[in-house]
Amino acid sequence: MELERATLLQTYRFMCLTRALEDRIRTLFLQGRIAGGVYTARGHEATTVGAAMMLRDGDCIVPQHRDLGMHLVRGVSPRSILCQWLARGNSPTLGRDGQMHIGDMHHGIVPMISMLGESLPVACGVALTMKMKHRSTVVLAACGDGATNTGSFHEALNFASVQKLPLVLVIENNGYAYSTPAARQFAIQNLSERALAYGMPGESVDGNDVLAVMEALERALVHARSGQGPALVECKTFRVRGHSESDQADYVPPELRAEWLKKDPLQRFEAYLMQEDILTTTSRTEMMAQIQAEVDDAVSYAEQSPAPDGATVSHYVYAPDGPIAVVGEPEADNPHYV
Amino acid sequence: MELERATLLQTYRFMCLTRALEDRIRTLFLQGRIAGGVYTARGHEATTVGAAMMLRDGDCIVPQHRDLGMHLVRGVSPRSILCQWLARGNSPTLGRDGQMHIGDMHHGIVPMISMLGESLPVACGVALTMKMKHRSTVVLAACGDGATNTGSFHEALNFASVQKLPLVLVIENNGYAYSTPAARQFAIQNLSERALAYGMPGESVDGNDVLAVMEALERALVHARSGQGPALVECKTFRVRGHSESDQADYVPPELRAEWLKKDPLQRFEAYLMQEDILTTTSRTEMMAQIQAEVDDAVSYAEQSPAPDGATVSHYVYAPDGPIAVVGEPEADNPHYV
Amino acid sequence: FADAQRPPSPLARRIAAEHHVDIAQVRGSSPHGRVTKDDVVSYLEQNVQGQAKQPPVVET
Amino acid sequence: MAEISFRQALNETLRDELTRDENVFLMGEEIGVFEGSYKITAGLLKEFGPKRVVDTPIAENGFVGMAVGAAMLGLRPVVEIMTFNFIVLAMDEILNHAAKIHYMFGGQTPIPMVIRTPGGGGQQLSATHSQNLETWFAHIPGLHVVAPSNPADAKGMLKTAIRNNNPVIFIEHLGLYNTKGDVPEEDYTIPFGKAKIAREGTDLTVISYSRMASLALEVANRLEQENKWSIEVVDLRSLRPLDKETIVNSVKKTGRAIVFEEDWRSYGIGAEIAATIQEEAFDYLDAPVKRVANVEVPLPYSKPLETAALTGARQLLEAIDELAPRRRRR
Amino acid sequence: MAEISFRQALNETLRDELTRDENVFLMGEEIGVFEGSYKITAGLLKEFGPKRVVDTPIAENGFVGMAVGAAMLGLRPVVEIMTFNFIVLAMDEILNHAAKIHYMFGGQTPIPMVIRTPGGGGQQLSATHSQNLETWFAHIPGLHVVAPSNPADAKGMLKTAIRNNNPVIFIEHLGLYNTKGDVPEEDYTIPFGKAKIAREGTDLTVISYSRMASLALEVANRLEQENKWSIEVVDLRSLRPLDKETIVNSVKKTGRAIVFEEDWRSYGIGAEIAATIQEEAFDYLDAPVKRVANVEVPLPYSKPLETAALTGARQLLEAIDELAPRRRRR
């Protein structure tokens, strides 16, 4: 697979933007300006960004809680994201949900529901729609190692395979589900082995090597797009922070964390780009400054945005009557749907 | 594996008894004396009986709807079974449930609940108890090909493998779930491949060859009993009748059914036993007469048993207070627990 | 209230009030002694000549 | 106008809607080749093909979740859950996805889907196959929950359900499938949240839905013939939204009410109805609202026990006898 | 007697029971190494080892089913569902297995298990993490459903739950974990089905449970201090079985009642209470029973919306103000 220089640079930029945005969100959380929990992709950036980079216009994503990067790649603006985290009235959810529960139907991003595994059947439904409408688009769904143990994982993948749905599942295996290490979650070495139970292809790759992720995704996407059914890619990575920013993660052996910190996906990719003369120290500095400015802008935009009005609390429980355009069809009111 | 002549004969007898009892139940149903549905093991007898024959005292079974044979092997009397089907007040469920929902805690038979797949976690709980109590007993659970597509199948087997539980699962793959053929249920050839997803051993055998079933079960049971965790055996068989006795099963290609009818497990085993001089025409005739007498007795016993008293309808919703003995422990009030 | 002499039902109370009837004068006929609409209506029919020949029209 | 069964009304309505809107499709266990465990989807696979009539493996939570995904993109899945009892496996996709996504995500995407499923007892199918859990669903904002009692309502409400842009739980009753009734041939819808005065009366109001509503109507007609009481029957048809106005107005007229429901009494449908009546028609109540419901046991199999547990005409008659005003009807 | 938090009361009770009975064991996500998402199981893995404190993969239906299996053999599993919201995934094992098996199989085997789980809103955890679905469970024969409001009750009722031979849904509230209260040090149990008069009063009865009961008590105390009304507070503690007697007797005394509940109003807990009161204390009611509950929306995240949706002291005060008798208290 030959990736263009521009694509590589963009990939790198999204990885850096993801980290910068999450760092800022973390600061806001520690300052008490965000309620609830903050779950980040720290250490996962190659997986979440790399996977989404391989998509095309019209594809959909069904992200999980560490997939801020996917949202960025698919076109959600940092301003929207900060409005969401700061629970503003103009956030994508109009203040009704927070954090990573963003969704963006205009960009083909299926809203994230917390119940692990439960979004995989939903992803199949999206893929079924594409198949029914004879599109050549695919769905990229993501889940953690923990979520692979849920019944819905099984029901969804089995179904997708029987129906030959255009679905690619990225398992972001970061070694832990909350405090539970892989060994107490399942008795296999590679989660790609789970693909065997459904008769679909699966492979495991180094999730901290963004090029490896992108290549594996390309293989899976070609398979899914060609009508041969779903494919699974396990990206082996590591959650270098706690489960959430309130978790000290004492249960993680320090050596293990130290080892993975050395494999930081940003540094690795940066070294590659420098070596290939795609990135220079100067262009990197410039990019970082832009990213910081973008993040600053997003924060102040969000801070100036009004909180939702409590009087509207009952709006949106039910959708109004009237015709509905199918997302992705020409008549649909979704001009930004990439 | 060397099986004793007596064991072989007993196995054959249980297979014949299963068929005879089910034939009678079917007749009673057609006569309108049984309400609801009748699901039989016709064509499965080698699987259900063969598997249960390999158990020892103290083992438990978690049967499904075509496992009347397992109940017989584990010691439930034809009288009890007929009282159950005829919904008598003295049935194992005191008339509160019917059909195959028998259960018999005194014989280590976990009551069957209809929701497919949902009894597999329950089976794990039974196995966990055995492990906690340091017993060398095992749980034999059964399910159909259809039930392997449920989320609970996945959650249970994964768990059993992580916890190394003494569980053996027999998949009675009879080619159909209701009217749905294997190919529209899953995209794999052998359901034993599902074992790979859990890191447990799995094998597929001819489910109409009772000796093959018994040998595979022996391997699986040795594995499970030794503390190495669960094992899975797929028995490939065929549902030669409809899903229930109300189903004509027009959706089954006649050639396919005809082919499997030729492989009838009783006839096959009978031929083997005759060839080995374990069974003779005379001893067979005698056995059949005994079986018929037993079935007749069971029917008339059940018919003479009283219906439950409607006034007791609210009894048993809640268990009374007081100490509970653990099933399988010496102090437990379960003398017949094999 | 003692169980023997229950109060009138809300409906009976309302109808009595609308017709300026002292509800204490009305005897309950139901098994539990509660004064109900019927009791008030028959009381009106018997005792309040000319005032309420018809059962009151209940607004719906 | 033709006299057809409840089953046939559903079948024809599904055919109509599949024909009318290419975005409507059916999904469920055994609905295609087998034409449905209760034959509601007879002929539809042949007519519309396997893309519009999707047979699924046994995975209730899975295929309900799939329906949510398809609905998010604007299709209109109509899911059949083989029996109401198996809907319990799909609660998460219903509660946390179907019912909430439109609200949680600020109206980004409606979830126009229907789950149809037959429930109810009385067929000797025992505890795990004879359930009435409608109160679980009626409690959930974001859902519509309907339970028609006759073929004509079944047609009109199923059309409304399929065309509605929100998730609808459409509860059928095994005991009603063979019930016949006149069904208009034209295309019509029946709005949710409108109860029907199935029969006018003056002595007492019986409030019901689904099979018990049809039973209530029979009982009321019989009492009329026997020249006993004049019973008004309110057939709720829709449990969420609930038509409080019709209920309250009827009770304001009669002063007395019975809720007749097949579910368990405690925390059942009748609780909400009784609570609402005492809230909104307190000054019109001549006696406490009564609830006539099932005995609170998992429904047993054997006939004597099942009969003892299930509510029915006898129980309703007894309640009417106790509650009706002491005078003879005019 | 020591003043400890609700969290500590639960933790100590679990330790007590694990020590007392070797057949008691704990199971759930993150309860061992991590000591529970809310630290209710702190120290227990260290003390009792991994056979008694079993960490599970993410598979709620699976491990609840496992608990059923273990309970069938006579063990006493105490399952923690990380939050109430995930219990929805385990409904089948709860409804069709735990609650029904003892009855369906003619008393062959009791199911002595407990599911503990924290629910409730007010922590800005949004719609899928702030739920109150107690009515689903309270509707089911075969279950006990309890929801204590203070540390002393939590201890006594958790002991009862663990020693009871039936499945118990033990509902905790995130907002109560840090609440402190005096807890007797000795071993004691509190029977299910006994409500507590948390405070006597004469003007009006407020009926509640869980966190809302503790809020009701605060409100009532404040009104007493302000010399306004004399409010009786009935803390239900147990929703199934429901202590009708205490409720009815209190209403017979005061003539007026408010149900104060954090769930959605329609088909919620208050519906059953109001229906029961009008059934059994009709002649003592001076006004309709009122329900003070959440606005019927999936609970939103942002503070202004969450505040608008959640019920609380202000809503209760308003309701008291409307319902209380027009005279000043003596």
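Order as written gives the chain letters A, B, C, D and E; numbering starts at 1 within each chain.
Keep in mind that, in the parts below, a residue touches a chain if its C-beta (ideal position, glycine included) is under 8 Å from a C-beta of that chain, and two chains touch if they have at least 3 such contacts.
The model shown is predicted, which means the values in this text are computed figures rather than measured ones.
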Problem - Neighbouring chains common to subunit A and subunit C, by label - result: D, E
Handout entry: Chains contacting each of subunit C and subunit E, listed by label
Key = D
Handout entry: Shortest walk length in steps over touching chains, subunit B through to subunit D
Key = 1
Practice task
Go through C-D and B-E and name the pair with more C-beta contacts between its chains.
Solution key: B-E
Problem - Centre distance in Å when subunit A and subunit D are each reduced to the mean of their C-alpha atoms - result: 40
Fill in the blank from the handout: Distance between the CA centroids of subunit A and subunit B (whole Å) is 45
Exercise for the section: State, to the nearest whole Å, the distance from the C-alpha centre of subunit D to the C-alpha centre of subunit E. Expected result: 30
Exercise for the section: Can you check how far apart subunit A and subunit E are, centre to centre, with Cα atoms defining each centre and the answer in Å? Expected result: 37
Exercise for the section: Send over the residues of subunit A in touch with two or more other chains. Expected result: 93, 95-97, 101, 113-115, 118, 149-152, 155, 158, 162, 184-186, 317
Exercise for the section: At least two other chains touched by the same residue of subunit D: list those residues. Expected result: 57, 59, 61-62, 85, 88-89, 92, 96, 100, 103-104, 126-128, 141-142, 282, 285, 287, 296-298, 300
Practice task
Any chance you could list the residues of subunit C touching two or more other chains?
Solution key: 9-10, 34
Completion exercise
Every chain pair meeting the touch definition is listed as A-B, A-D, A-E, B-D, B-E, C-D, C-E, D-E
Handout entry: List of subunit B residues in touch with subunit E within their complex
Key = 62, 91-97, 101, 103-105, 110-111, 113-115, 118-129, 132, 151-152, 155-156, 158-159, 162-163, 315-322, 324-329, 332
Problem - Residues of subunit C that touch subunit E when the two form their complex - result: 1, 6-7, 9-10, 32, 34
Problem - Residue numbers on subunit A that touch subunit E, as the complex places them - result: 35-36, 87-89, 93, 95-99, 101, 113-118, 146-147, 149-151, 177-180, 184-186, 251, 307-314, 317
Practice task
Mind listing the subunit D positions that touch subunit C in their complex?
Solution key: 249, 252-253, 255, 282-287, 325-327
Completion exercise
Residue set of subunit E touching subunit A in the complex reads 29-30, 33-34, 37, 55, 57-59, 61-62, 85-86, 88-89, 123-129, 295-298, 300-305, 307-309
